[in-house]
Amino acid sequence: MTVLPRLVLLLLLIGLAALVVFPFFAERFYLQLVTKIMVTAILAISLDLLVGYAGMVSFGHAAFFGLAGYALAVLQRDFGLVLLWTTLPAVLAVCGVAALIVGWFSIRTSGIYFIMITLAFAQMLYYYFNDSRAFGGSDGMFIDTKPTIEIFGFELVSLRNRIAFYYVTLGALVASYLIVRMILLSPFGRVIAAIRINEPRARALGYATRNYKLACFVIAGMLAGLAGYLGAAQYGVINPAFLSWHQSGQALVVVILGGMGTLFGPVLGAFVLTLLEEFVSGLTERWLVVIGAFVIAVVLLLPGGIASLLVRLRFGRRMQPAP
Amino acid sequence: MPIKSISAATRRRFLKGAAAAAGAAVFIPAPFAIGQAAKVKLGVLLPYSGTYAALGHNITDAMILAINEAGGTLGGRPVEYVKVDSEADPSKAAANTNKLVVGEKVDFLTGPVHSGVAMAMAKIVREEGTITVVSNAGADAVTREMCAANIFRTSFSNWQTCFPMGPEMLKRGHKRVVSITWNYAAGQEMIGAFRESFAANGGTIVKEMLVPFPNVEFQALLTEIASLKPDAVFSFFAGGGAVKFVKDYAAAGLKTSIPLFGSGFLTDGTLPAQGAAAEGIVTTLHYADSLDNPVNKKFREAFKKATNRDADVYAVQGYDTGKLLMHGMTAVKGDTGAKKEIMAAMRGATLDSPRGKFTFSKAQNPVQDIYLREVKNGDNVVIGVAHKALADPARGCTLA
Amino acid sequence: MDLSFLLIQSLNSIQYGFLLFLVASGLTLIFGIMGIINLAHGSFYMIGAYLAYWLNLKTGNLLLAIAIGLPLTIGLGLVVERLAIGFLYSRDHLYQVLLTYGLILILNEMQRILWGNDVHGVPVPDVLAASVPLTQTQSYPVYRFFISAACIAVAAAMYLVIHKTRLGMTIRAGAVNREMVQILGIDVGRLFAIVFSLGAALAAFSGMLSAPVNSVYPGMGEQILIISFVVVVIGGIGSILGAFVGAMLIGFVDTFGKVLVPEIAGIAVYALMAVVLLWRPQGLFGGRPA
Amino acid sequence: MADSGRAGTILEAVGLSKQFGALAAVNNVTLGFESGRVHAVIGPNGAGKTTFLNLLSGEMRPSAGNVRFKGQDITGAPPNRISRLGIGRSYQRTNIFLALTCLENCWIAAQSRLPSSMRFVRPAHRLTSVREQAERALATCGLAGRAGTVAAAMSYGEQRQLEIGMMLAARPQLLMLDEPLAGMGHDESLQVIDLLRRLAADHTLILIEHDMDAVFSIADRITVMVNGEVLETGSIEQIRGSPAVQEAYLGREDAE
């Protein structure tokens, strides 16, 4: 992780450049599609921090994604907030607090129990929103006004503009990537890696491992909240299905498919899986078989995900996420 | 059948994107400009996988049947069906709608089955202006708060299917009832409509039971119903849940002592699976398979011939969707550019449907007869009209 | 709330608990012995139900349908184990979750291709079609008692197999220490194949048994999957006894939750699971950290 | 050798017990460890030595009794807190970060002495003091040349050395070593014994070891544990001469 292989770095930069110029050529639909993919990529990055680096396999990560959407909808409906400067921090705070609570309980367990307890919390949130009339029940809520950036009442950027939304999302993606990378390179990141490899040893060395895991869980939850904020704002819709275990499973698929513990892999995974779904679902009604078979094939044949393909091409061995 | 999968269009679109990138962008205006033969794009957003796949197929096939019966054209133009699998997943609804409306630039949009999907879909087409026909989802809001000039519905509002049952049950002397449904929006709307007419006329709902969706373990609540001893039970479930509820209800011995009423979906498309347990259940719905009118007979035969399946209420809704689109397009002779005229024609349509003639309310929801049906010998037999030409109150709809 | 009401609700709870146990026991067996998280367990349940429906249609006898269907599901379990699961034993849980997630998608489509999307009912066999009156208004179907009896029989059979037979001995040894079994010269690959197909057959069996009371419909597998995971996790992964206690707990919480606090009934079982895991992170009877 | 001039008690167990069901793995042990000394704990397998160490290092909570470090009660404190007080420990079964390189292993240990590692912004590799500390520890344990080697790729003996290096990188005052020589070849053993002797110059050492030659060559004091209880504590000579030890321990060992 310390240094990206040059080939990968080059590919990433080319990809970033392509994304930057994309709006100049793309039709509106593709603009929105890529925006959606970038939102998924942010979610995948946050999950990779948790799964790939801290070794905490969460099967309920979509809970924070969906919660962010609901928080945005409620802030707008009940508090009339539309400014990005006010809603985004508030939404992130809500997700952070939720992750703190869920994490505080969850990090006491590990392995499959961690998988299951995160699922349990996500299901609880799912049912909470599904059953509550105040939040629109199973039909969900609308976010009617897109967030705007204003200075002294003068509107600088409105996310109503799809191109502006695209660039804000791209910015959020790049920022998420850099922030997580920064965290991984920091002293904190080294502790997280050590905990993943051998938690009792890290504890015996003097680290209050639970605090570090909890901090990591909260960071990942807030980043998922960032993705959820953008995801809900993009189409202006939020409903319980955004928190369902299918969504959490899908996010895991994206991370593993892309290559967990590589950070850029999950971003690739988001692009590959979404585009594959777009393509195959148009070819056949039985497209879920194809996706299922694809997932199985990746698990069996390419356990390191797409990223391992890139890195293996270059080095002939799997990349080791070292602190 | 001129069904086209979305991929061809997608691929073409990629090429088009590439062409645009090369600086050779060719802007193609409305297909109409090229000539009468240009295809009309009809977007279909329905579930083709998962729990609701059967509904999706019946709606689609019947809609195509209606259009094919009239020569396979809309206003003289051939039709290109662009189908997207909604998976009945509300979290994908917005993106899927977007794919059809923005990506495929369809002229018309129809679907979906799931109310949550319908809400997301309505939100987008309100902004985009695509003429949309909701062919199943009953969420009240679609033709209330969310109503718009370009949103039509050929199915029903949840309110409509249950509202007539209140007076009917009182007429039969059931004053104390228990209601039971899944705890989700459609269930709450249905029970709410029933409560509205039942309580207003002097009935008492002893208890409103809500089962977590899609939980199908009813035993505990059946025991409670047995101990509450109401005069009758009013319920709404659909699909697998409806089958299980009706069977459990009978198996618990409640059927003989406490009559079961419900929204028509309780016994529609589920009777073969429910068997004898469903005998005697009285429901209200805007259709019944055995409805005795020539249009229905003809439709059912044609559908059977075309698909080798029996038609049901969903197929009828699909069929009427096709009819409504034809009506609108015939009025403008296929000129999809004349949106206003198309919508006006659709709004003023009187459809001679298998369910009987119906018109559209100001909110563009059917004004239709709601039938009273009773299960006899494994069939929903129409025993009367519970409410003649019932219109949804359309509260909150601003369409004049 | 009077006493008879309470008793009948308890009966409901226990009966539901038995059914959950039957589904969950296969899941916990597969995890306990093989260390595999099988998300596709619910799909086997669904396949069992569809097989019961289909074979019952062909043979006209549910018991015969079950007799024919069971070997089929054992065979399917073997195929899945050989073609997919078998490659995952040394891999992280994460990959198992993912692979079996992919399996769900495929098996669901198989069901649609083979049997379509309709909801089906399976008639209760004539011999068991009667009902026992409990109160003036409510009676209890004999078939439900039959399900409970079958669950008890299966539980007893599992107990006997695990504690009294050679296969059971290896299974127990394998659950405690996988390397040990290998050292003893037992073909672990074969053992795992047997266990996996048995687990799959258990799921299918519960699907078959409950088909007459549950009806048969697409997507039924995923519903039961999540709840049986909750059962297994509460009981402690790998513990048959734990699965039993967990199933009963869920039976009671779900039943009484629906009646007493319907507003949060959807949350109740998950809250129970969270509480248990906080109190005992390994589940009630889970010894081995997973 | 050790500075025996100011031999205050640094770590103290008072009435320490650990029950596993009916079994008392450690039974009412009262024992003091003097600052700057090498104190070996010996005894037959199953005597409760490792459990005793686990109670001292916080890995396990005692059923009864107290642990005091420099007069402060640390009974039941979690291992991370005890580690931060300046107590380092190595394990009977090698317990290192196998996927990391030697330097990274020691780095993690050295970094644990920062007031907090909840630092998210500056890259870790800029922490020069941590790096120096880690490199020094590597050099001390004799692995200076293998800084970039992934731990999993090293021999068992080297891994044991690395574990000592990690312990040192955390700069503890008191070291607890659980069978540091177990499974080592002769030459490797000699190296480690030599290392331990050097460490004894400025650390307090608690040592569990089966290699009696090694124990007698470096220990100042010896405690013999049998069946979870302290049989005898004293100097090498005292232990050698103790009839009780002869009978209960050395005698038994012959029979093993």
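Going by the order they are written in, the chains are A, B, C and D; count residues from 1 in each one.
By our rule, a residue touches a chain if its C-beta (ideal position, glycine included) is under 8 Å from a C-beta of that chain, and two chains touch if they have at least 3 such contacts.
Since we're looking at a predicted model, the values are computed, not measured.
Novice: Farthest chain from chain D, going by mean C-alpha coordinates, please.
Specialist: B
Novice: Using mean CA coordinates as chain centres, what's the gap between chain A and chain C in Å?
Specialist: Here chain A and chain C have centroids separated by 33 Å.
Novice: In whole angstrom, how far does the Cα centroid of chain B sit from the Cα centroid of chain C?
Specialist: Measuring from centre to centre gives 36 Å for this pair.
Novice: Would you mind pulling out the distance in Å between where the CA atoms of chain B average out and where those of chain D do?
Specialist: Centres of chain B and chain D (C-alpha means) sit 73 Å apart.
Novice: Averaging only over C-alpha atoms, locate the centres of chain A and chain D and give their separation in whole Å.
Specialist: 43
Novice: Out of chain C, which residues touch more than one other chain, so two or more?
Specialist: 108-109, 263, 266
Novice: If I count partner chains per residue in chain B, which residues reach a count of at least 2?
Specialist: Answer for chain B, listing residues that touch two or more other chains: 49, 183, 210, 212-213.
Novice: What's the complete list of touching chain pairs for this entry?
Specialist: A-B, A-C, A-D, B-C
Novice: Spell out the residues on chain A that touch chain C in their complex, using ranges where they run on.
Specialist: 51, 57, 59, 105, 108-113, 115-117, 119-121, 123-124, 127-128, 130-131, 245, 249, 252-253, 256, 260, 286, 288-289, 291-296, 299-300, 303
Novice: Applying the document's contact rule, which stretches of chain C touch chain B when the two form their complex?
Specialist: Interface residues on chain C, with respect to chain B: 2, 5, 8-9, 12-13, 15-16, 108-109, 112, 116-121, 123, 131, 133, 135-141, 143-144, 213-220, 223, 254-256, 258-259, 262-263, 265-266.
Novice: Write out the stretch or stretches of chain A touching chain D in their complex.
Specialist: Touch residues, chain A against chain D: 2, 182-183, 185-191, 193-194, 197-198, 200-209, 211-212, 215, 320, 322-323.
Novice: Using the touch definition up top, name the residues of chain A that touch chain B in the complex.
Specialist: Within the complex, chain A contacts chain B at residues 25-30, 32-33, 36, 127, 130-131, 133, 136-140, 142, 234-237, 239-242, 244, 246-247, 278-279, 281-288.
Novice: Quick one: in the complex, what on chain D touches chain A?
Specialist: Where chain D meets chain A, its residues are 57, 59, 78-81, 83-84, 89, 95-101, 104, 107-109, 111-114, 117-125, 127, 150, 166, 170.
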